[in-house]
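We just call them A, B, C and D in the order they show up, numbering each chain from 1.
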Amino acid sequence: MPDTASEARNRLIRRVVLDTCIAAAVVIGMGVMRGVYSNELMLFNFVVFLALAQGLNIIYGFTGYLPFGYVGFYGAGAYGFSLVVMHLHVPAMVGMAAAAGAALVLAVILLPLLRLSGAYFAIASMAAAQAVYEIVANPDLENITKGPYGVSLSDVFAPAFSYYTALAILAGTLLLVVWLRNSRFGMSLQAIRDDSVSAAMAGVSVVRGRTIAWLLSALVAGLVGGVFAWHISVFYPDTAFDLSVSIFSTVFLLFGGATTLCGPLLGVFILYGIYNVIGIAVPQYFQFTYGALIVLLVLFLPNGLVSLLTSRGIRVP
Amino acid sequence: MLTGAIVAGVVFGLYYTLVGLGLNLVFGVMRIVNLAHGDFLMLGGIAAWWLFSSFGLHPLVSALLVIVVFVLVGLPVYYLVVPRLLRSRDSEMLSLILFFGLSQMIEAVTTIGLGATERSLPPRLLGVGPMILLGTRLPKAWIFSAAASGIAVLLVYLYLYRTRLGTLTRAVMVSRDEALATGIDVNFVSAVAFGISIALAGVAGVFAPFILGSITPNMGVAINITAFAVIVVGTLGNPLGTLLGGIIYGVSLMLMQTYLSSWANLLPNLLLIAVLLVRPEGILGRKVRRA
Amino acid sequence: MRSKALALGLLCIAAAAGPANAQPAAPTEIKIGALYASSGPYASISMPVFDGFKLWVDQVNASGGAEVKAFGKKIPIKLIAYDDQSSTATAATLYNQLITQDHVDLLVADSGSVLTSVGVPIAKEHKQFLFDVSGTGAAFFTDDNPYIALMADPVSTIWPHYISDYLADEGAKQGIKTVAILYSTNDFTGTQAAALKGFFERDGKVKVVYYQGVPTSTSNYTVLINNIAALNPDAVLELGYVGNDIAFLRNLQDSGSQFRFVFTIYAGTEKEEIEKNVGISAMTNIFSYVPASNYEYTPNFGMNLTEFHDAWLKKYPVGSNVAFGANAVYGYMAGLVIDRTLASTKSLDQMDIHDAVFGLSGQLKTLDSTFVLRKDGAQIGEVTPLGQLQPAGGKEELDLVAVYPPDLAKGKAVLGK
Amino acid sequence: MSPDPLLNVEGLVKRFGGFRALDGVSFHLNPGEVLGLVGPNGSGKTTCINVICGLYAADGGSVTYDGRSIIGKKSHRLVKAGINRTFQSPRPFLSLTVRENIEVAAHYGDPRPGFDIDALLALLELDRYAQRPAAELYSAQQKTLDLARAMATEPRLLLVDELAAGLNPAELSRMADRLRVLADGGMALLVVEHLMGFIDKVTDRVVVMAAGKEFFGGTLADATRDPEVIRVFLGGGHHG
């Protein structure tokens, strides 16, 4: 059956509506949960990882770059927020702007890393995140960052407000992914990922596309880091630059399936759900189970859960 | 202070050559990054500790035993995981994730079995007190470890350039596909290289208590970052370049400790990024940049 | 006004419903929530604390439960403990879990500052009193937060003053003029280093000729020791975690450098573990703090050190992978404070618990010395005498001998040549 | 010869390390003309295309397109200016559908407003697969998709790199017809090819290259009679 432009347009509209509904359901669901379930921090962590996995999806799913040091932007956001709030005594929302700014500045500084391929990029970005951590946590900078002694932001502590801000960030991130999945720009990013030379031959500016995706991805992590700092209000640099933030986000993303909207959502809900249930009950075997899961996943389901459907030709939102 | 730092750096760096050597061999032959390398190193250290505390075995004897056992462990690990991994679309990237998973498993098993406390071997086993090298006082254990590293580099060189299997290994390093096409048993060659790599990590682990103070189940990640920095600086995929990488790392670390000590941990990270950006092919190597 | 009226109304209903002077019905168990780290970087300090705490719980339950004054009877303790695996994100969730889902009566923090830190604002937010075992971070203790008290470890700035007092007093008399301070850049050791530097500068007797921070992950000190040796200081203070001290002491011995006075924190505090890793000879005559696990205080409550050590060995025989040391004492000590708190609190209301804990201040003497709280909750009673690892009668053994201050000293310090 | 050629290559040099892949190639190409680029393996034909389309930076010489130098211009800019290419082994966007492959090019390649994707798909007989992922196509179909992707940017100069390899005779003949139609519509084509029958059918003129230099220009018929050309092809040990 030939496929015509009008059919394509109708299909696109249906997809956008469906995707947006899924995004809305997740955001509203997480909002309602706060009224139902009282362990707010667990819910908050869910929101954090939902947003981070999607933020990572923007750069990995759509361009194929996997930054192991994704936590660097998260940490930059957390400290961007904390520094302006501590030193300038501004309201939290100004702090959020600073969080976004800090992550973007770091992303711009790290732009040259995009020249590297695959594993080199992954490792270099991890080294970059570590380097930022070493700088932030250095006692020589105690007057500015509090060095290794940690940050306390009790002035702006506001659990409810910060929770809903995190939800808003999640909503924005999900809409961003919906847009990428259904827009020409998102398509061009996938084209770059599939074959950057061909993409250039389709008139796509490879450098521009990658740069925008990189900045968007960093922006998400920075905002999430900022709202994390706000919500938790007392933390050490080890917390803000904890490598397991990167690792969890990556595993969730890969488990569900990158480039889709549902994949990372499934990954977080299933794996982080298991983590919180089993992790609490039988912790000593959890790390092992998690490690084994990763190994099996890479070997037997490298494109994630959604590939069970997509490999049968079924489109997953 | 300057000469002291440089001399100590060279000797210390030689140990890091041993740490990175196996990682680089695996990358060269299989184009995969073994993020569990540091954990195999940790297991080597645990093995030496166990052999000493249970049977009173001297670490130098343990080192030989570790080589044999770890090669034998490496072979099945290779066959279980790597061939399937190499068939995937982006094996280089997926290897990072897969071996990270393996690293988590090893750390978990070790923690469950042995607890999280520090373990070490008595320093006297490798001789107490300093040795004077070019006017610099260095621990005897450092000299031993550097010597072991030197021997390891020599043996790897002899293996690669003086044995038939080594020649085949180099052929696989140049092009896996062409080697396959010429009828080389690529999997066997790679499995041996993997086994050797694990054994090298194990030997580095045996000396770790003397260089790094102690062994803990969670030490792997930090070792990996440093080892990766060392092999990137010294040219990825070229095991002998690791010699240079280790020495550069060791000397710059000691200089940092001398003149800017609290910033010393920045070093491997900055070195890694700088080399990747300025000369991604490493000091000796070929291009790896994306078009 | 309205809430008062409401409370009054509720009281009336309660009064009408039950016998006139009845307490609220006694719970069948007292729920205590605690966190520990079985893996990751903090496992080696967290597990002994947790095991020490469990020892107390088991003992209490074996005797039929804890005496709870509010209900006038013994009530068994139910310990709800989760493993945060050294992750602060997980720890934060779990603190919340304990408070909001498990509704624990008493909340005990994981050991160390990093894993305690995330619990502090959560406890404050939920108005749940936090029994902070050994999280000494200065930022935790503020006058506007009544929901925290430090149990066992004194705040970092208190620890080191006997070192500087000794050096300025006895040391200066014996010709110690210069000191080098090498510290690991983390909250715990960094604050101690800064405090020490301040003390030396204030006293003006001993000059600080070297003051450097190194990353906490530093695992070799050879070049640093050579650099320090080049300045030829009389005293060297290395302030780091267990792994740092092991590496430092090994490298110090290997380097052959000699200093008249060498101090590390864990040579004494985790003597058994350090001994296993560096050997006797590298530790001989090293100065250290004398932790409660090496000093026989006379308790007015709970076991004394010998009894505790025996109980520990019975529960965790040699080879069970848990090291006995100061952290084990801290865990048990936290249990003792809770024990006395339950025995004196008016109710399980968290502010009443606060009052009960603070009521113990200055009264409670345990195997960890006297429990004294500053009004913001910081621990200032526990003291850490300066000790020295001196050869015991037999050759292959070291004793950690308290040498300063004079009123706690059990022996005399021996300075190197 | 037409007074102003669309493409003018003059003394083009490209080095890889010490190896001179292009060692001063010169030729020109007029609108509506099909120029065949022939020569033994390693003579620099594909390198030549890669330099013209901006994939490699030239180390010397000049390339003018439409009267302006295009040395150092980025690929996607050249695409918008009207230069496109196909690849020896097809390089479609494997995870996108056939239609999406074209949509990307039609969106970013700046064709005239109202460019009809459906018509292009129908023309190249790809309409039946429009919703299938490109990864599921056969090699010949992927090559057609490659061509479609290039055509969606409405190029004025099309560089065709070994399109014929791997096609069966029927597909080959259809491809040749398509290229002729494009040329007749005014497009300039530079065709790198080994199959002489295909070259004969498609090209107006050939340039023969060896060792990074051109040494013959004219019709294919003339070329096959040129002793130098015969020596290069037969004596070089490589046979096209």
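Worth pointing out:
Rule of thumb we're sticking to: a residue touches a chain if its C-beta (ideal position, glycine included) is under 8 Å from a C-beta of that chain, and two chains touch if they have at least 3 such contacts.
This structure is a prediction, so every number in the text was calculated from the model and none was measured.
Note on connectivity: the fewest steps through touching chains from subunit B to subunit D is 2. Centrality by C-alpha centroid: the chain sitting nearest the overall protein C-alpha mean is A. In terms of C-beta pairs in contact, the better-connected of the chain pairs A-C and A-B is A-B. Centroid distances from subunit A, each centroid being the mean of CA atoms, peak for D.
For this pair, subunit B with subunit C, the centres built from the Cα atoms lie 38 Å apart.
Centroid to centroid, with C-alpha atoms defining each point, subunit C and subunit D lie 75 Å apart. Once the centre of each chain is set as its mean CA position, subunit A and subunit B turn out to be 32 Å apart. Multi-chain contact residues, meaning those touching two or more other chains, occur in subunit C at positions 38-39, 185, 213, 215. Of all residues in subunit B, those touching 2 or more other chains are 107-108, 111, 262, 265, 291, listed in ascending order.
Contact with two or more other chains is made by residues 55 of subunit D.
Pairs of chains meeting the touch criterion: A-B, A-C, A-D, B-C.
The touching residues of subunit C, counted against subunit B in their complex, run 38-41, 43-44, 47, 185, 212-215, 217-220, 222-224, 226-227, 230, 242-244, 246-248, 250-251, 253-257, 273, 276-279, 281-282, 321-323. Residues 38-42, 45, 134, 137-140, 147-150, 152, 154, 157, 159, 232-236, 238-239, 242, 244-245, 276, 279-280, 283-284, 286-287 of subunit A are the ones touching subunit C in the complex. The part of subunit A that touches subunit B in the complex is made up of residues 64, 66, 68, 112-113, 115-120, 122-124, 126-128, 130-131, 134-135, 138-140, 196-197, 243, 247, 250-251, 254, 284-288, 290-295, 297-299, 302. On the subunit A side of its complex with subunit D, the touching residues are 1-5, 8, 184, 187-188, 190-191, 193-195, 197-207, 259. Within the complex formed with subunit A, the residues of subunit D that make contact are 53-55, 74-76, 79-80, 84-85, 87, 91-96, 99-101, 103-105, 107-110, 117-118, 121-122, 127-128, 130-131, 146, 149-150, 152-153.
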